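In what follows, chain A forms one complex with chain B and a second complex with chain C.
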Partner chain A sequence: MTTTTDRPSLDDPRVQLDRDLGVFEPIPPYPTRTEREAEFYTLRDGEMLINMGPQHPSTHGVLRVVLKLDGEKVVDLDPVLGYLHRGVEKLCENADYHQAICYLDPLEYVSSLFCEWPGVMAFEKLMDVQVPRRAEYIRVLSGELNRIASHSLFLGWMALDLGGLTPILWSFIERDEIVDMLSALTGQRMLFNYFRIGGVNGDLNHEFLSRLGDWMSHATEQIESGQALLNENEIFVRRMRGLGTMDSATALRMVMTGPNLRATGVPFDVRRAHPYSVYPELDFDIPTRSEGDCLARYLLRMDEVKQSLRIIDQCLHEMPDGPVMAKLPRLLRPRPGRAYAGVEGPRGQYAAYVVSDGTDQPFRMRIHDPSFIHLQSVGVMVPDHLIADAMAVMASLDPIMGGVDK
Partner chain B sequence: MTVIARGWERLTLPGKLVFTLVPVLLALTIGLVAVIVLFGQPILDVLAGNLEIVRFVVAVTIVLLMTIPTAFLIIYMEMKIIAQMNLRIGPDRVGPAGSLLSVVHGLKVLMKEDFTPTGADPLVFTWAPVVVYLASVMTLLVIPFAPGLYGQQFNLGLLYFFALAGLSVVGLLMAGWASYNKYSLLGGLRAAAQVVSYEIPLTLSVVGLILLAGTMNLYTIVENQAGWFTDWYVFQQPLGVLIFFIAATAEANRTPFDLTEADSEIVAGFATEYSGMRFGFFFFAEYVNVFIISALTVTLFFGGWNAPFPWPEAWRLSLDVDPGSLGLGLLFMIGLVPLVLTIVFSLPFYLASSRIKAWQALIAGFVLANLFLGTVIFAWGYIGLDWVAGVLWFMGKTYVFVFTFVWMRGTLPRVRIDQLMDFAWKWLLPASLLNLFVTAAAIIVVKS
Partner chain C sequence: MDRAFKGRLEARFGERLLGPVRQRHDETEMRIAPGDVTQVLTALHDGPELRFEFLADLCGVDTGNDMQVVYHLWSETTSDWLRVIAEGLTRDDPRAPSATFLWKGAEWMEREAYDMFGIIFEGNRDLRRIYMPPDYQSFPLRKDFYLADDAARSPGGGVRPMERTHAPVDASVAALVRRSPGS
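Right, the complex of A and B next:
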């Protein structure tokens, strides 16, 4: 850790400036620590640094990005993370296995089930618990519903970042319907805390099923009518096509997963590549696209919604009877060991890695969140585009800051 | 003396202000009355001698005052219509159907703290909203609302409009620069680039129309379009109206060209650092701009105050009744007709059911009588007075275009700055030139 520049920092209390520094002067937030930072905060002629966030209307939470601008063009950027850091991994290590699940929920506040799922799966692997089949089906059913809710919110955000006011409220219709039925099932609208080690918290109830049936009868038309406002919009398509293009080799090098990877043409889906739960028994396609631009990422998510509807349909038809919880001792003390589990979420691969030392608390808990991984590719995609494109690219990656900062 | 001093000490600041102001105002009023009584005739003579100046001052005052209800109405329209498009309810708490919400917004803006950020240039920062507001409001002066109802009528009306509309960019640039904020700076520069680029197709798109009309006087242009709706210039200049409308949208910084205040990119653009009534002026100017652009589109291409069909002369009512000739009868009419009508209209309610009390029936009768009288007077004015019908048609057409702007705001996303520039220079400019050449060629062919 060496200071590579002599410029004073405003954050350093020991530094007394002999004059006030203006907003147009480039001041790094702290004495630069790396070569990269020193290079970034040295401005050439005509360049300007601008702070986007943490309180900016379209950074999807508290992301702060320092943009280096040349006029309207983004020359370089430096994401600054950590404004939402809560130390979830450490919190999990100080709770027992049941309590750890509820810390996983708020990581991904748009699709909470997908953050619980890998944690619960890893705990089950650690303890050799056999989950009842009905519970697995319920997990898949609720998970796919949550995936649709997340993708429909993505549609709205995407449009809102491009300046469209209406789609976000239209897409909230179906998200609201899904969230309502999930709250009937799990008891909460946002942070469901539904999955348990060895099953789920409660069986399907009448209200959930009646709401689901109502919704399924018109879901396809409703989703398509919501998308038509954007898909057939010339301004939207022209702005998204060819923007933030990513080839498959770079995407793999950047460890991208999920829709963002599949939009570059790599048919990698954890549900098929490393099957878990009852996904091997279900019939669904892995949509891919070859363009790798923002439009492809958007359209691919909309294709995924259709596949999710297929999966929900199959789940409802093939739902077996039986218990929804395995028989477990009240106090869980797994053998010393380690376990890893990954699931395919709406944003990519969520994974959890747990090390047990034989006590009733995890010794180490590592959470892998795709939002964090995808955010690094912004540095590849955004430079040489305009400011407006930076927002569009970030929105098309669909990051959730709760997961990024953990 | 001490009693007065003690009383003075007890007063709060508003009290002290009132106690100081009231005598001053009283003295001024007395002075004014005295001046009118003593020098009334000479003043009237001077005013009559400078009727043009008097007319200008009155028109400017009316135009300035007119912007306030116009902006309130358009803000309310926007809130309510976009809410319906978003499947929301929209404002519904303040006033009937929330119609007073924009007034409350105005009061809120008025009462907010009005601060100048550290490092801002206070003089430029303060004057920027004034420039923007005045530049947009003063364009209203040349728009003819109805036959005989206009602020000013002169030969270069259209040129005056474009000159003043171009002036607003100075204000936006001032705001962007003086705010001492990078987002504001970006917004101001975007505004400059955008408005200057779109000024050219905007101006060129109406040159064809000027050739057709042979004048730049807006009043004459509207008079030329009298008759059936096929006489409107929109049917002779279809490409022109399209270019004009698109360029005007960009000129007014409205969606999909609202890059200067793109909230998802540069927070609020040039208005980021503004608060209180200085922000209010920007806000007002934006909505007044919407009205002005719509009004100009109607004036130039959609026949202005003209109805889509000619009003037959036979249906025209003569209003040459001299009120003085009615004498005392007029007084009786004014006094008795509302009373009699109220009773007449309330009788059926009173007789219909014994559960309706007399006062309830009277209230219903009063409302109905007012509606009836209003309808009658309005119909009389519409048939008998040119300007009532003119204002009605003009406002009706204008608000159709205002609705279109709101509709676009609710539907379309924003374009990118390079697409915006490409569109102006590669598409709109050649198209407007083509429109001009075709129009000129057609005029030569028809005339020879």
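Right, the complex of A and C next:
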């Protein structure tokens, strides 16, 4: 087995004795071990390394980025992950199929339903479970609500990272209304744990429906007035236009998905590209934009909110009657096999790959998270931008560190 | 399930396939040797009738007997997800070619597979640990890596030997892990 035994360890006292080692020192205290690392940590004349995070307020969690600067210009950057690593995949492999679902929630804590969804879908595929149609409609309905909540939070954070303090107060109004609705439906405000193998945990209830009806009556108007604060703000628009541009070929090479890919002009949406649940029966558009800059990514998300409202409206009109759970044994032992499921979340493709060995625990549970993929592409987008713009580019990709670090 | 797609794959990659192309639900699965990864992925990506330009996922799998690298691909030419399993990597020195020559974005997923399984991706420029600290020695998602407590074990799992934080060095690895689902 190839290990790193031949290299000095951080725990080796001899390594640490001959120099003052700061915890967040940007230069690695060990010999560089890859081509890329050697290239990054070699400084040319006039360049310097600056450490940002992991407690920096604009990194959306505990992201640490080592920036290589030339004056105020970012030459290169090296994200350092793992400050929030919990080993969710290993935990899922040591839990049974029902227990594993609750480990998926905290991955992306602002869009928890989309973290549960692919896991649950993959389990259902393994067990050949047919989900009742009412349950599928409820999943789509609650999922689209969650998407709007996530996108309105993005609007606030985006502006906050650029120094605008007002929009986050407005977007939290929206988000809180949806969160209260979902808490009436699921019993939890953020980590819903609502989807079950074979359906959902509970049927729609009166409180949820009355809150949803109230909100739908003014949602469009309220969302538009919130967006007008930024869409018509000349400072914001000028700052964002042409920032962090990416073309479609590079975006595909960086395996980006979701709004960040569609902002470059590729109309890839898992809901249409590989339909699941009841999305083939629903009527909605896939908005795309061709600019591929921060403004396009921002506007595209705002367009998606309108499509989500359309989907919610159709779900409420076409909601069938019937059970919300399939009949399943309490102890699930799927036959040995493999299943992959992907869904379109607010940030892109959330996916799960599950291998079963015939016991009641997943043998291998792989969780694919779009934030992880998108954060990687800041290394392509940010170089040659100013350090203040690096924040804006990072915010426009909307990464959530809970999902990045798993 | 796209039956015609299975025929196209078998015609195109006939001699490289290990075992038959399997289909279930909306997934098509092919198994190849790790040495063929570069050619097969290139053919899938560039072939005019295949055009798999979209890498949906890349991950490592430890079956207990060997290691696998699993690629999930999407193309508009078929309604199925395509799963390419590069199987038969040895547990002692798992090596596979990198996919970064086609998808630069595979770099971090390969770093993760290296971090969690110790799979060496030849051609990846930045193969270092991504989640665990740089001086960490183990590979946590391997099947011989035991969790320190058994609180997560379910009663349905039956009686299992007590978990150990360190597997005995001389015991054969295959005896310690659960039955392999892959082979």
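We adopt the following convention: the second predicted complex is superposed on the first by the 380 of 406 C-alpha atoms of A that agree within 3 Å, B and C clash if a C-alpha of one lies under 4 Å from a C-alpha of the other, contacts with A are read in each partner's own complex, and residues count from 1 in each chain.
Just so we're on the same page, a contact is a pair of C-beta atoms (placed from the backbone, for glycine too) under 8 Å apart; a residue touches a chain by one contact, two chains touch by 3 or more.
The shown structure was predicted, so the numbers you read here are calculated from the model rather than taken from an experiment.
Colleague: First (chain B), second (chain C), both or neither: which does A:Met254 touch?
Modeller: second
Colleague: I'd like to know which partner A:Glu35 touches here: chain B for first, chain C for second, both or neither.
Modeller: second
Colleague: Under the stated touch criterion, name the partner, chain B or chain C, that contacts more residues in chain A.
Modeller: C
Colleague: For A:Ile387 in the superposed arrangement: first (chain B), second (chain C), both or neither?
Modeller: It touches chain B, and chain C stays clear.
Colleague: A:Gln130 in the overlay: touching chain B, chain C, both, or neither? Say first, second, both or neither.
Modeller: Touch status of A:Gln130: no partner.
Colleague: Have a look at where A:Ile50 lands relative to chain B and chain C in the superposition and call it first, second, both or neither.
Modeller: first
Colleague: Once the complexes are superposed, what residues of chain A are shared between the chain B interface and the chain C interface?
Modeller: none
Colleague: In the complex of these two chains, what residues of chain B are touching chain A?
Modeller: 82, 85-88, 119, 180-183, 186, 190, 255-256, 258-259, 262-267, 409-419
Colleague: Tell me, which parts of chain A touch chain C in their complex?
Modeller: 1-5, 9-11, 28, 30, 33-37, 81-82, 85, 87, 89-91, 93-96, 99, 125, 252-256, 268, 273-274, 331, 333, 336-340, 342, 349, 351, 353, 355-361, 363-364, 366, 368, 372-373, 376-377, 380, 405-406
Colleague: If we count contacts the way the header does, which residues on chain A are in touch with chain B in the complex?
Modeller: That would be residues 22-24, 48, 50, 56-58, 72, 159-166, 169-170, 173, 229-230, 233, 235-236, 238-239, 386-389, 391 of chain A.
Colleague: Which bits of chain C are touching chain A when the two form their complex?
Modeller: Those in contact with chain A are residues 24-27, 29, 53-57, 59, 61-62, 70, 72, 74, 76, 79, 81, 83, 91-93, 102-109, 112, 116, 118, 120, 125-135, 137, 140-141, 145, 147, 152-154, 156-157, 178-182.
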